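The structure under discussion appears below in the form of structure tokens.
In order of appearance the chains are A, B, C and D, and numbering begins at 1 in each one.
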């Protein structure tokens, strides 16, 4: 506790409401699968893929943290209103730029003010 | 991943180095066991109890987050140097003041820049 | 821009609404005036002194940062609800513990989601 | 205090060391000059333009905050090592995605652990 919710492939989920719930809270790490050591490497974390999340005052994505295995690389915090505010929905998206020196496993945590912590699948990056 | 390290009672750990490693990274939640609904309630999070943690530039406690079950209440971030800096050691300590409306279970996460995330034992607070 | 609002002695402000507005947003640094080098030193930052601030979803104190002159020592972030939530009011209060090595000038910034950044008066601390 | 350093056009600065000092600390807001109300709008904040900043353990860019006038939209925090670590240099760069509803004036703050807060020039965005 707090519970770390983990992504489940929504194609294997039957109920539409559950697909939506899981997808809209899940962080997804988007980046190239290879990086050059010592060079800037863009990593986009997007919350939700097929569904959008509310941006209500009492229910919004407040932060997104990027980890390389156990090490935090960066974190972005947001306020209700970033995605249009009360009654609107969207996909929190942030692009961090990091320099990797060796093979990495990138993971993101998203925090929803109502439904807590959500962990992305890990994405392996080969660094040469 | 990232691994969430959890506190183990160090009295049950034999090796001195391991006792030190576990204790100095573990967050401990200190507060009264009962709170009055609607009134300010002090919650101290202290990292380490019997041992101290380095405050080196490349190895320090960078943040402490306080959760009530799955909900984040507050988070404090620090920089290397807060506890004296390079070569010094200490116990990162922060007191948050929160208003609880019903029974709570408080948990803290500490983040060490070298050894990742550490979760405290949960502390139950009766709210009347 | 963003505007850094600075505290004005409310005894010199005439209008009650303005006294309230200034006081409830202003950060105040509370600590001893002398510290011992290398020892833990408690610094409490409290937002508002004579008046309280709303803790509404769209209007709350979201963070408090503590500086020693130009250097950030620590920052605490909060969520709407920390002080009781919608319709309630209070004084955001956090106690950081820091180790000072030489004379310090402590200043705090508070951030209100509706009225921006507010800077406290500086508090001099003699370190011996 | 803390001092808010503001960008000075380095073409009007004579000393090379001073050009470097000002440029490498200054946040620059990069985005389109017009946005569509209710649609995601990418805003990149880059620290430094012509010069790079160290990423040393005791001297790095620790955070970048994005404001629309007095309102904080988002903030990203980093650790020493994000740009390659000790002995390396780079330009901290983060892309936030926000939804604007009316004309905005975007400003960024960068925080250097050695040289404090730096405010970017404001960038006006027409929203239609």
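Here, contacts are C-beta pairs under 8 Å (C-beta built on N, C-alpha and C of every residue); 3 or more make two chains touch, one makes a residue touch a chain.
Which chain is which protein? Per UniProt: A, B, C, D = Superoxide reductase.
For clarity, every value in this text was computed on a predicted model and none was experimentally measured.
Counting C-beta pairs in contact across C-D and across B-D gives the higher total for C-D. Counting the residue numbers used at the interface between chain B (Superoxide reductase) and chain C (Superoxide reductase), over half appear in both copies, so the two copies meet with largely the same residues. Rounded to a whole number, the gap between the C-alpha centres of chain C (Superoxide reductase) and chain D (Superoxide reductase) is 25 angstrom. Between chain B (Superoxide reductase) and chain D (Superoxide reductase) the centroid-to-centroid distance comes to 32 Å (mean Cα coordinates, whole Å). Annotation for chain A (Superoxide reductase): residues touching 2 or more other chains are 62, 72, 77, 79, 113. Put simply, chain A (Superoxide reductase) touches chain C (Superoxide reductase) in their complex at residues 57-58, 62, 77, 79-80, 113. Residues of chain D (Superoxide reductase) that touch chain A (Superoxide reductase) in their complex: 38, 40, 44, 55, 72-79, 81-85, 88, 90-99, 101. Across the complex, chain C (Superoxide reductase) is touched by residues 1-4, 62, 67, 69-72, 105, 107, 109, 111, 113, 115-117, 119, 122 of chain D (Superoxide reductase).
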